């Protein structure tokens, strides 16, 4: 028990324990390598899951941590995807360079939008996030000379990774690449959430009224995290464009914004791993049920959303935590 | 020169009245309970399918299907309110958004399952089809009918809200819910009725919409965006605000499609974001 | 008389036709322990909201240490040492007590902009947060989540958060609201023990506590200052008696 420690040490130890790596985390990241040996025929799917997880993490930073509801987060995913796709047609073949450019474009647009986002709450905020995303969708649809419009972007040419590894049909390079990008961005997000800035974000989520009363510049915090989240979403979009060599209007669609929300909430918002878990469950389920009409697939997704909101307020991860806590308590 | 402008004004206004019927219920319920119901347009879609089914399979005349669309949409919404939405009034914005998006998805899939993904045909009776010309302006009979119906409903709503006991209760609940409860008013019951009434109007709007904009399972989402624009621009719990916002939206959408078709819906979204930035509570909103 | 730290000049605010602040002039000297009393609806919380910038006055000025802060945002006033607590708990339900207070200290010190270094690296901030919590008897429960703390402890956390901002002027809006009488005295004991150079201005309904802890009392009625004076003068004032006996409530 904490009584062994001198009283001042208890809070330090308590806070340090929260930032430490849990053995389960290490097990999880090691197990992400399993698809290479266990299901090599599913590496393309694994790559898609890693991309979805990265996108979910970027949404978690603003929604799960800062409590900013966005139903138009696909705007930044799509910007990253189109940036990478369009520039690859104009001679920039190196994937990593395209990735950085995708992040910069999405981040800059995110920064510009953040001045609007930080000012609003409730319905107006939801409408504005949706409105911005719809505007990009329409703009991409109209600018057919640049984006290919409704037919999608044609002629994407992605060079080999670091000049060596080609993106093959089996997805070996694709999954390796997506996984590395996911892990690096995850490390960044993890550092961020354990920093004083991350604590301030949770403060905004928990009580937006109190923050100014303790002297916190909430608007500036929101602008910053929104920009970072937009850049990460842009990276996720760029990786999708590179690993699949296709970009269509769908990357900016409402469906994509809604899908990532479902994955994040189903997995559990505000804990990073929730978005990853949600993406795995969602994408695997969709792959298994891909035979059925997508129209019907959305019935089950809708039902899942209703059930999660009504009965599983902290998502699957929250439910698991509760279960293990109960299991731990019962033997004593 | 005058012909096309007046024509666009007329057609746009008729379209706006359709949007008004589809959205006025959400405006009032949002103002009362602050409950973000993104499934509102799904009740409109339900009304549409009720009308189509009654006409095609049961041979009902078009006019008779309209009250049926109202009643069934209202009844279904009441059930959903009881079992689902009522528990979410104090939930966060996010939970309300997610729950109701879930209902939208289910309604879209359900419609596709029962009625297929094709556009539903609808036969408008002879006395409502065709058009006549007044001072060079082409007046479609059906659109005129739509405008008349909507104006009657606006008048009934405003009068009902202003002069009936129930209307007074609704106004009190919108103004200050805690005070209304303190005075012993059954806000939950008033809300439940308002919710049903609003959904019923959406159902009526959905039934009227088919002959003008068609009906397929995408309706619940496509018109959700228009409904949300009307509500957020018009302001919460404002019938007049919804009326003006819906008219503006209908006319500018028509004008946009006529004069700058290459911009598509981009202009509408831009105007909405612009208005919200200028007035976050809408043009006529108080809160 | 020592120097004035916080002052208002001709502060006015109307809600429609209702006057919630009509020409309020107050002066708080350094180290003051002033109480603000008045019947319900007198505009006490409105005054605090205007002083802290959560509400803009229609007219008048607010001076903090000689500088006009009327146009400053709430957060900027906090940085200048003008800090408040809330009548209704305004806390961070899912943060632990130590996290909440460390958060306030990090915001004060400008650490909150750092998104790369880990929170435990800021040892001084955590130590200071713990010291504040310990001084208000929350040391043993500092790692518990706010919403699981007892109500009385939450009231103390409310004050801890304000202290973490290193106030020069502390505005307490009914710090003991909802706390049983037996505990509220202990709470005020803690407030009385604050460093002597902090100016404390508190709203309180319990007259026993007001007379015990306040060195001076301002009586607000209908948005106007009815009278200001030492506790003995207020106790003897006929107008104050009328207001209180006439309304028949003070608690």
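Going in written order, the chains are labelled A, B and C, and every chain counts its residues from 1.
One rule holds in what follows: contacts are C-beta pairs under 8 Å (C-beta built on N, C-alpha and C of every residue); 3 or more make two chains touch, one makes a residue touch a chain.
Not measured: the values here are computed from a predicted model.
*Asks:* Could you tell me which chains are in contact with chain A and with chain B alike?
*Replies:* none
*Asks:* Taking each chain's centre as the mean of its C-alpha atoms, give the chain farthest from chain A.
*Replies:* So the chain farthest away from chain A turns out to be C.
*Asks:* In terms of CA centres, which chain lies closest to the overall middle?
*Replies:* Here the chain at the core of the arrangement is A.
*Asks:* Rounded to the nearest whole Å, what is the centre-to-centre distance of chain A and chain B, using the mean of the C-alpha atoms as each centre?
*Replies:* So the centre of chain A lies 34 Å away from the centre of chain B.
*Asks:* Which integer distance in Å separates the CA centroid of chain A from that of chain C?
*Replies:* Comparing mean C-alpha positions, chain C is 41 Å from chain A.
*Asks:* Which integer distance in Å separates the CA centroid of chain B from that of chain C?
*Replies:* 48
*Asks:* Where in chain C do residues touch two or more other chains at once?
*Replies:* Residues of chain C never touch two or more of the other chains.
*Asks:* Looking at the complex, which residues from chain A come into contact with chain C?
*Replies:* It comes out as residues 2, 7-8, 10-12, 14-16, 19, 191-192, 194-200, 202-203, 206-207, 209-218, 221, 224, 228.
*Asks:* Please name which positions on chain B make contact with chain A in the complex.
*Replies:* 30, 34, 36, 84, 87-88, 91, 93-95, 97-99, 101-110, 112-113, 117, 217, 221, 225, 228-229, 231-232, 236, 262-266, 269-270, 272-273, 276-277, 280-281
*Asks:* Where on chain C does chain A make contact in their complex?
*Replies:* 52, 54, 73-75, 78-79, 83-84, 86, 90-96, 98-100, 102-104, 106-108, 111-120, 122-123, 125-127, 129-130, 134, 139-140, 142-143, 161-162, 164-165
*Asks:* Spell out the residues on chain A that touch chain B in their complex, using ranges where they run on.
*Replies:* 63, 67, 69, 71, 116, 119-128, 130-132, 134-135, 138-139, 141-142, 254, 258, 261-262, 265, 293, 295-299, 301-306, 308-310, 313
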